[in-house]
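Next come two complexes built around chain A: one with chain B, the other with chain C.
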Partner chain A sequence: MDGSAAQVVDVGARFDVRPRIRSALWLGLNRADAIWALAFLVPYIVTFVLFVIYPLLYGLWMGSKPSLYTDLFSDPIYQDTAINTLIYVLVGVNLRMVMALGLSGFFMRKSWWTKPLLILFILPWAVPALPTFLSIHWMLNGNWGLLNNLIWDVTGWNAPSWLDERSYALTSDIVAYIWKWLPFWTVIMLAGRMAIPRELYEAADVDGATGSRRFWHVTFPLMANLYLVCTLLGMLFTMGDFTTVYFVSGGGPANSTQVLATLGVRDAFVMSEPRLGVAAVMSAIPVLVPLVVLLMRRVRAAAVER
Partner chain B sequence: MSTISRRSVLQASLGLAAAAGLSRPYIANAAAKTASVWWTQGFIPEEDAGFEKMVADYQKVSGNRIDYSILPFVALEQKMVSALQTENTPDLIAYDGIQTTMVMSAYANKLVDVSDIVAPHEKDIAKVALQSMKLYNNVEKRRAYYAVPFKTASVPFHVWGSLVEKAGYKMSDCPDTWVERWNWFKPMQAKLRADGMRQIYSIGLQMTTNGPSDGNNLFHYWLLAMGGGNIVTPDGHVHLEDPKVKNAVIETVRWICDTYKGGYTPPGCISWNDADDNNGFHSKLFLMDLDGTISTELAMFHRPEDFNNCVTLGLPKGPDGKPSPAMVGAIGGMIPTAAKNIDVAKDFMRYVIEPKVNSDFLKAGLGRWAPIYPQQVKDDSFWLHNENPQLARHLTPYVEETLLGASYPDYMVYNPGYADVEAQQVWGQTYASVYKDGMTPEKAVDKAFKQVEQLLARYPTTA
Partner chain C sequence: MSATTLEGAAAPGGGRTSRKPNYRRRRLWGEVGAVAFAIVLVIWTVGPVYNMVMVALDRHDDVFSSHVFPPDPTLNSFWIVVSEGYWYLEYFWHQFANSFYVGIGTTFLTLFIGSLTSFVIGRMRINGGWVISNLALMTYMIPASFLAIPFYLVMQYYDMSNSLWACIAAYVVFATPYAIIVFQQYSVSIPIEIDESARIDGASPWQIYWRLYLPLMAPALVAVGTFALLLAWNDFLYQFLLLSSKRNMTVSVALAQFLNSDEAPWNYMMAAAIIYSIPPIVAYYAFRRRMTSGLTMGGVKG
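Moving on to the complex of A and B:
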């Protein structure tokens, strides 16, 4: 080394950290790949911001005025509506999940008819919701409905009008909801059961565990996380369910089966007060936020366990 | 041979984006003589065909273009509310349902004053149609025309004449006084049930809280017949302390609840949606009902036997011996202040409101909607002396009721708070307080009146 300018430049080039910094900034990608990565990411980010973040923030802004909640809580049907929503969610989701868990065991059978039966079973979930619930509404009509006419023809008994009393109408909503969504969650539970290693059941057989003992000591402990996550997710989805109640009972009789989603739509579009409608559904946030937190914690805990 | 490289794809994409951006001014300029219109889909295909012909004719004479969307009224309601909320609106909206959005938007100064379009025809348009469009603007503290009326409707009686005869009665004996007419049908269900019609009821009472308007219409027609028409006055003030009004409401609630408890109406009527009363009538679940327009009959237009067996009746006299007033709904085209092509929208509505154009358009829809010009129905035999005698049997009483008798507009045009009364189904809830909770009609009405007062107090009017 003679200290010449060329040698200085050469040494400088060897110790120039700028390319490494740039490389680190682009997550280890070279420039061309980084540009391509951005080119593919940007449309997704823009779509996400436009169709998720912006509507969310706009909705929060729409429901941010305190006077909206004064108007909302002074609505004579709000309290019953909130209670209906809780009943609908707690009873509907939990009953559905218990049934899904049980039916998933049924569909584990190795009979030749299991698969075709499963395909038939999935149909309610596959068909469009709106015409389905309208059909259920008409089937449940006390006078011309299919159900009561069938009951009369078979038994000679005048069955009650299923949509004309609050308890029957809310039950009809819950039953329609379970009928529609049970297949989906049954398939999820079925997938969970299929992931349980067969060796565990074989070991349980060796130990003499059969029937319900196999379920409680092998199946359920391994399905518990999945069951809980599905229940929490189901509750979050159901809090905002509009279609079932709107088309089956219509929120009646006498507004006695309204839920927050149908009340929100009524306020937004029928009363032409969209901000009040948003406030109606936002009033569920005190329940929604803890559910989301619980869900995230369960998901994180399940990931750590793995 | 050229190869496609990443650089060339990026360059082409950027070039396309630039071209789209540069071409936008030319597209915008081409839109200067185009108005976007949202129009409610009719209940029968002929209505939509009539609208499309009207648009085609307008485009020919004006050189303007109407970019229209025909939407079912529930879908249009949601789009309309969303559009007005975000101020991303079409140039013209014609919505056939309950006019809540129209009155609320006028109150909030979100609609263009269209008095200049209405004024030339004002002396010829039915008073009730004008009243329905003269709305209160709370920003400018005045009333003006905020929509251009172009059609009207009322709520007649629909009766299965064939079933009345089967029960051993004659339609010619149908009473011409309000309460007696409704009561006249009551004994018929026992006779028909004895004859094997197990599920028949006398009356289809829409006591429901579901659906936009049937329950409110039933209440309002009873209220008007019983003399309670001044419950809300044109200055937007409510008069619940008026003994005549209070008595009319109590007697309305009493009669309706007694009829329900007496088993003269299907029990499911308390949860009917908008289609259920029509389905019930068409399936002969009940002999008669009071329901909006003659869509009940026109739905059977291509089934002559049913169409001819059905009878349409106008309104009888009230208990005071005077003709019962009708509550007439008028539909108007409204132009949002956020519209981009207000001039073209106004020009189109000027065309729509022209008497000949308006008449041809409504006649194409088989008269489901009545005109806004009373003289027109007298001069044009289509309305009162239709050459189709079967259509005339339905059209004549309906048009007479809508345009030639005493009438009130919907009270929400006086005060938007009444739109909340209807949306919250206060009157349907009142019936429930009686038949479900066991309240007396008097107590139930007191409870309802408190709610009505609170709702109207939110929308003060000074004109």
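Moving on to the complex of A and C:
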């Protein structure tokens, strides 16, 4: 984003081609054009203020009372939720990114079937989240779910009821989340791999680097920044994920698999304590802010390299 | 599955210079491993979707029984959904239209607001334009679900509760920053001289925007439009919080309603879910190339 900003500033040609003295200009434009420009900006500024800034400030104000946080932190459900969110974000995102990186290598294979396979593989991304998570929820049902029926038919093992125990239920949430978003990140990683010039691999071939050495010495160094940016961005997205947990485990059993997003909504709308709900999501700020700062730095570094 | 093994499997394709004697055998085993892996991948990918179809094809009594294939497949559930023959589904087509209304509203507003803003920043080149685009990007630093609670309360205050426009507003603010960035990057490829010569011919900024900028931006508009449509169509949380009456609900909220009953008719629910999934699947596969090129436009170069 910095790159494009720099382009905007340093390109000499201005909208108005007639030569003018800069100090006589508004926003770098002549008066008539400046009025047009402001009129063009009004729709976005109005929506931004009404639907981002105001709700944001309102939320900050709602969650500003310190006593809310003593209530919140003493709630055992909140303590579980904080741990769940951490596991969900760290395990979910990192596992998914490693899988996406590996799979993108797999899809670089030159077989006739990789292309059709990739098109099929995108399916989870194409289907809306809600229907698939409902389907996964039903699949994991202990009595009638497809998964346990399949396990029973193949191995004769009576598999547990996945959503009735905390560790299984949280794992189910993570697996469902990976299932849904793996194609998206694989496509991004694949695009990153395709951007690597072939000559580099040919040179590596000549030097006798194959297999893992080729990966660690050619592919990975070139993909490292993209990988890191995607991981950070993924953490940001995952922290705010509501739909997966709400539908796959429903936060159950007994509220033991809530994450911050679902707990916030539960506190605000089921328990009718909107301030507590806001406090719950705001307690993520100490993690959110460093994440955002790190992300901005990496993106800026990428822009400078370019 | 570690990245290294996959990389190893992928390597022989290009490695004709290998001097090892058992090269052919290794290549064969690599191929067999890749096919086996592909089969696992297909099962993993298709599983939940297959389950959706299977349950939708079940007869009502068969839903609560153990099976891997529907014992007696029937399209009855689809008929029930299409004819609104169950009380959770009494407004199904109306709700379907609501989903479209939110999707189309979001798409057009996002394209309009986003293109106007990017025109001012990228083509009129006002001073400090980067402040606007960076400010817009800050929206993505707040997870949408975290903003949902105050957003809901603010909508009450604006007298927009239970209104489809409240949903549209939410999606527009989350889609527009992306639109601005993609438009700006795309518009770099359109020579600024076109605008300048139109200026000399006496065109106003609005005429340049409407007659030149928008037509030339068509591919980017399609990519962002698809993105906005799918964002609005696929979201659940905001529709769930903001829409309360049955007539104003969208399909996603209506689907979740099924979970309120103990004996949920899962076959009807899954049939409705499949019908609801068709438009986005069609959109994805129709615009797949443009979507991914739009998504990776910024990321890959970095």
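List of remarks:
FYI, the second predicted complex is superposed on the first by the 279 of 306 C-alpha atoms of A that agree within 3 Å, B and C clash if a C-alpha of one lies under 4 Å from a C-alpha of the other, contacts with A are read in each partner's own complex, and residues count from 1 in each chain.
Everything that follows uses one rule, which is that a contact is a pair of C-beta atoms (placed from the backbone, for glycine too) under 8 Å apart; a residue touches a chain by one contact, two chains touch by 3 or more.
Everything numeric here is computed off the predicted structure, so don't read it as measured data.
Once the two complexes are overlaid on the shared chain, A:D75 sits against chain B while remaining clear of chain C.
When the two complexes are overlaid on their common chain A, residue A:L288 makes contact with chain C while staying clear of chain B.
By the touch criterion defined above, A:K110 lies against chain C but remains apart from chain B after alignment on the C-alpha atoms of chain A. Between chain B and chain C, more residues of chain A are touched by C. In the overlay built on the shared chain, the residue A:A268 is in contact with chain B and with chain C. Of the two partner chains, both chain B and chain C are touched by A:W36. In the superposition on chain A, A:N143 makes contact with both chain B and chain C.
Residue overlap on chain A between the chain B contacts of one complex and the chain C contacts of the other covers 36, 62, 138, 143-144, 268-269, 274.
On chain C, the positions that touch chain A within their shared complex are 1-15, 17-18, 31, 34, 37-38, 41-42, 44-52, 54-55, 63-68, 112-114, 116-117, 119-130, 132-137, 139-154, 158, 169-170, 172-173, 176, 180-181, 184-185, 188, 192, 195-196, 199-200, 204-206, 209, 233-234, 236-237, 241, 252, 255-256, 266, 269-270, 273-274, 276-277, 280-281, 284-285, 288, 292, 295-296, 298-302. If you check the complex, the residues on chain A that touch chain C are 1, 4-5, 7-9, 11, 13-17, 27-29, 33-34, 36-37, 40-41, 43-44, 47-48, 50-52, 54-56, 58-59, 62, 98-99, 101-103, 105-106, 108-111, 113, 117, 119-132, 134-136, 138-139, 143-144, 146, 148-150, 152-153, 179, 187-188, 191-192, 195, 201, 205-206, 208, 210-212, 214-215, 219, 225-226, 229-230, 236-237, 239-243, 246-247, 260-261, 264-265, 268-269, 274, 277-278, 281-282, 284, 288, 292, 299, 302-303, 305-306. Those residues of chain A that touch chain B in the shared complex are 32, 35-36, 39, 62, 71, 74-77, 137-138, 141-144, 161, 163-164, 169, 249-256, 266, 268-275. Residues 6, 10, 77-78, 81-82, 85, 98, 100-101, 104-105, 199, 208-212, 266-268, 270-271, 273, 276, 279-280, 283, 285, 419-420, 423-425, 428-429, 431-432, 436, 451, 454, 458 of chain B are the ones that touch chain A when the two sit in their complex.
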